[in-house]
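Below is one structure, written out as structure tokens, with a few remarks after it.
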Amino acid sequence: MRVVTGVVGNDIHVVANRLIEISLKERGFEVFNLGVNTYLEEFIDAVIETDADVLLISSLNGEAEGWSRDLLFLKSRFDLEGVLFAIGGNLSVGEANSEEIVPKYKAYGYDLVFHQVDLNEGLDTIEEALKERV
Amino acid sequence: MRVVTGVVGNDIHVVANRLIEISLKERGFEVFNLGVNTYLEEFIDAVIETDADVLLISSLNGEAEGWSRDLLFLKSRFDLEGVLFAIGGNLSVGEANSEEIVPKYKAYGYDLVFHQVDLNEGLDTIEEALKERV
Amino acid sequence: MFQREREIITKTPYTDSFDFDEIKEFITGASKNLFISHKFKTSDKILVQPRGGFPTYDKVFELYGEFTGAGVDILPLTIDSNTRLNDYEMAKKMLALSEENDENMLNGYPLVNHGYRTTRKMVTHYDTPISLRHGTPDARLLVEVALASGIFEIEGGPITYLLPYSKNFPLDKAFLYWKYVERVCAEYSELNEPINRESFGPLSATLQPPAIVIVIQLLEMLLSLEEGVKSFSVSFSQTGSMSQDIVSSNVIKKLAKKYAQKIGCGDAEIHLVYHQWMGAFPRNKEFSDSLINTSTVIAAMVRADKMITKTRDEAFGIPTKEVNASAVRNTQYTLNMLRGLPVITDEEEEANLTEMVDDIMEAVFNDPADTLWRQVFNSIKNGIIDIPFSPHIANSGEAITVRDKNYNIRFYERGNVPISDKCLAYERSKIDLGEDSLVDHIIHDIGIML
Amino acid sequence: MFQREREIITKTPYTDSFDFDEIKEFITGASKNLFISHKFKTSDKILVQPRGGFPTYDKVFELYGEFTGAGVDILPLTIDSNTRLNDYEMAKKMLALSEENDENMLNGYPLVNHGYRTTRKMVTHYDTPISLRHGTPDARLLVEVALASGIFEIEGGPITYLLPYSKNFPLDKAFLYWKYVERVCAEYSELNEPINRESFGPLSATLQPPAIVIVIQLLEMLLSLEEGVKSFSVSFSQTGSMSQDIVSSNVIKKLAKKYAQKIGCGDAEIHLVYHQWMGAFPRNKEFSDSLINTSTVIAAMVRADKMITKTRDEAFGIPTKEVNASAVRNTQYTLNMLRGLPVITDEEEEANLTEMVDDIMEAVFNDPADTLWRQVFNSIKNGIIDIPFSPHIANSGEAITVRDKNYNIRFYERGNVPISDKCLAYERSKIDLGEDSLVDHIIHDIGIML
């Protein structure tokens, strides 16, 4: 399985990104890590270029919502049906609960949304979702 | 003005008692301080003996309610009409608010009830009440 | 003879009937986990012990459940103030009211009224050391019930549970009653791991001068070791100055060893217990949290073996079990992050404190009486040992302390406490009353944490 | 020439039009209370500064009101991350959304978009020093707007705001842009009290080795003093080990003086700023409170001149103003109780750290380039200066650190960092990976406060 990952927008929180790369590799994924400060277009380009199965976006600094508003539009320009879109980290500015956050982001076009969810828990869910797709 | 004071029951918290003695004297009262660990009967006896104008009871350790249940009975045995009965300190076991505590203690026979009230504020109120009585 | 005395003491309608053989058997076979003396030996962290006790069995049982969930090391059993004054009749009445109305009409657990058969169920259920916290001058019956229940740490002593906790209780009797307690503890210590005795260093928790606190700790330790106790904890509470706490710790550790050896009891295990701030608490609960956490850091700095916690509700009343357990959880969290702390010494302050303690100890030993307890008894009566803010009539109350600008507690008047002119001069040189009257200064010093 | 450059920089549709004469006049006559350099001189406590910034003017105004009520010493103005990356267009868009929907669509205050005329109203209203917190590699415009607004402390530097805050921003440009900032600060410093510059010691806040942190602090200090800045703060954040913090503090204070004198700038005022824990926070808010309070105690132990606070909401998101103000209030409460703390030194550790810092500094100075900034530039490129967990492409990332059992951060691999074999051996002698793989050990070490 190929996964493109990175941190969206002007966000430079790199620590989680490093750990995610390590964890994905340990789970046997082929990882294309774009690192921090990656714009949505760059993610989409990388998914197409690498023919990835999963796009796994992180956001920590509260910016994600601002950037995610364009996702549906970008998705509509390419055929990305088979790709699993996941986002996780800290998905709002200020404290918020998942009940509010998850539906919002699903509406933006993500299949799986992990607000303040433990990484391993999230990756387990992603793996299950991938199995179901096959 | 003569005031009898002390800490009721098996309560041995002495610090407040020392400060109360000092404060009352500073305010010009003649003070009979029975100290800590004083039973209700002893207070009543002292009030009668000294012909006091005020009985000012402290309680800190949460015992006050247990002892106060006998107050009305004791009062009924003597003519203590002219004496102002005040109690203050920490008047319950565990946290409680004044709205509950004050009416309860008034029903036990106290004229003034100060649950977790600053000493000087309480003494001001007592002095005002004494002025009104004259 | 002694056994006869014990039978008389324990024969009372207020508790269940004693079966000494069964109790002996129980202690002999008791789980090592019930012995704090064992836990001290096998653990390398500061043990955390909250305070707490409720009138009813069920409430204490639930409290222990909460504490266990929060990672407690030692459970407390705090006794109500009627039992402390041997007023078992009042305790009984209030226990009944508490059970009927599901309201706490007592500020602790009336252990005697509950009895050891009942209480032991709870003790063995949790299989964690329990410490008896009471404040009772005559604790003979209480301690018998506690030990029979499986509570293998007994706090208190003839001085530390008298001067702060009682007004009229006769001093000489207190010594004799505690001698009884020490002997029972020593006897039971031979059956399994030693019973731990702990002295109560906070005393009246208000402007207590470290020199006096340490003297009292050392004397209660000696009185206990003399009777054959093999595991003892000296203690003190946060003074309000981190530096003074560190100095006190260094001095008490050194002197406890020295004086224990002096009476040929160098083989006893001596531990140091630190009490989080015992004085008047702020009414802002976040400030209380800050205060408590700072106490925890200081406990680690003074390298205590055990620390006793407070809660954010201290100024308001007996805390709920949830609040109490949170305090334990937070304390463990903080302790876990404090590692490899610097070792600190302050030669000048330690020399001054050591000299004051040694001088007072010498004066006690110079008393012509024939036994140590009588020497101590006389020393309290004549003010050689004198604590501020004691409710007890025998305490002379002539020694006056205030805080210096760094919040160290200093002698302002020594009264009859035999510290040297030199030491007094040193202490006074640190004090600056400024514009304040002495009384105003003291009121301020009582309330530094408000 | 320079003035011409400033005019070009400040001429942009994203902010209001600059009137340099008026600004000069404003600074010349500005209240002394706006200058932290003045407050440092006149205060003898640790100054407390929270973090904080909201998108809209009104929200920042309210935030400052809360802070003032909580007894704040220094107000912060935290800038949003779009502005930090000079993306004023995005900042504008999000500011508009934030104002319309009364929702925070930015993680800070877009100062450039608000402009100095507006912002100055708020600054003079509160008449309290404000510190600009940003993380911007090219902060020329931002700093012009800040100073014109009356914000007289500027945090950051070409290294500390680049390596942790940027991925691609060209290193050499950052140096030149910050040179501009230093010069503007130096110029304005002649009009009234000096403008204070502060370096950002936390860097990426994750397993940063004190030797590298101190080297970077010293270098940014030198780069700033060179340009004529007269008031500078070096800083570092809680490492996770109280001992290591104390060692770091002792060494940085000593070396800051030494290196400033070396370039003939011994007259500059140098201060020490301590950041409460900057790494990953626990999701239990009571633990966060405990952590923050412990940070406060350590700040007092290291004798910082200023401390920057966190909040119990750190793990969750930008805190509400109330929570943020509580953190200030609690911190002041704790600081007030910590007096006369012991002075601690650790000769062995200080010698080791000093030696590592001196060796790295020497290597930087030995670079053949002609100016200090080029020497530093080269030293980053070739890994002489190398921090763990930097997102920046120029950072080599070969130095690897782990914690020892006392949570001190130690070099495991030095990469190209020129510490001696002896020092590396010392560092490694403290490490014990136990059963763990290196990666697992590092993951654990990142999360020690969780």
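The first chain written gets the first letter, and so on, giving A, B, C and D; residue counts start at 1 in each chain.
In the analysis below, contacts are C-beta pairs under 8 Å (C-beta built on N, C-alpha and C of every residue); 3 or more make two chains touch, one makes a residue touch a chain.
Every value quoted in this text rests on a predicted model; they were computed, and no experiment measured them.
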Query - Chain-contact steps, minimal, separating subunit C from subunit A - result: 2
Query - Chains touching both subunit A and subunit B, listed by label - result: none
Query - Centroid-based (C-alpha) most distant chain relative to subunit C - result: A
Query - Whole-Å gap separating subunit C and subunit D, where each centre is the average of the chain's CA atoms - result: 46
Requested in this report: Let me have the rounded angstrom distance from the C-alpha centre of subunit B over to the C-alpha centre of subunit D, please.
Outcome: 57
Report summary line: Rounded to the nearest Å, the gap between Cα centres of subunit B and subunit C is 30
Report summary line: Residues of subunit A that touch two or more other chains sit at none
Report task. Hunt down the residues of subunit C that sit against at least two other chains at once, touch-wise. Result -> none
Query raised in the report: Name the touching chain pairs, would you?
Result: A-D, B-C, C-D
Report task. Quick one: which bits of subunit D touch subunit C in the complex? Just the residue numbers, please. Result -> 240-243, 246, 282, 284, 286-287, 289-291, 293-294, 296-297, 326, 329-331, 333-334, 337-342, 344, 346, 405-408, 448-449
Query - For the subunit D and subunit A complex, residues of the former touching the latter - result: 81-82, 84-85, 87, 90, 93-94, 104-107, 164-168, 204, 206, 280, 283, 313, 316-320, 389-391, 439, 443, 446
Query - Touching residues (chain side subunit A, partner subunit D) in the complex - result: 9-12, 14-15, 18-19, 22, 35-37, 61-63, 65-66, 90, 92-96, 116
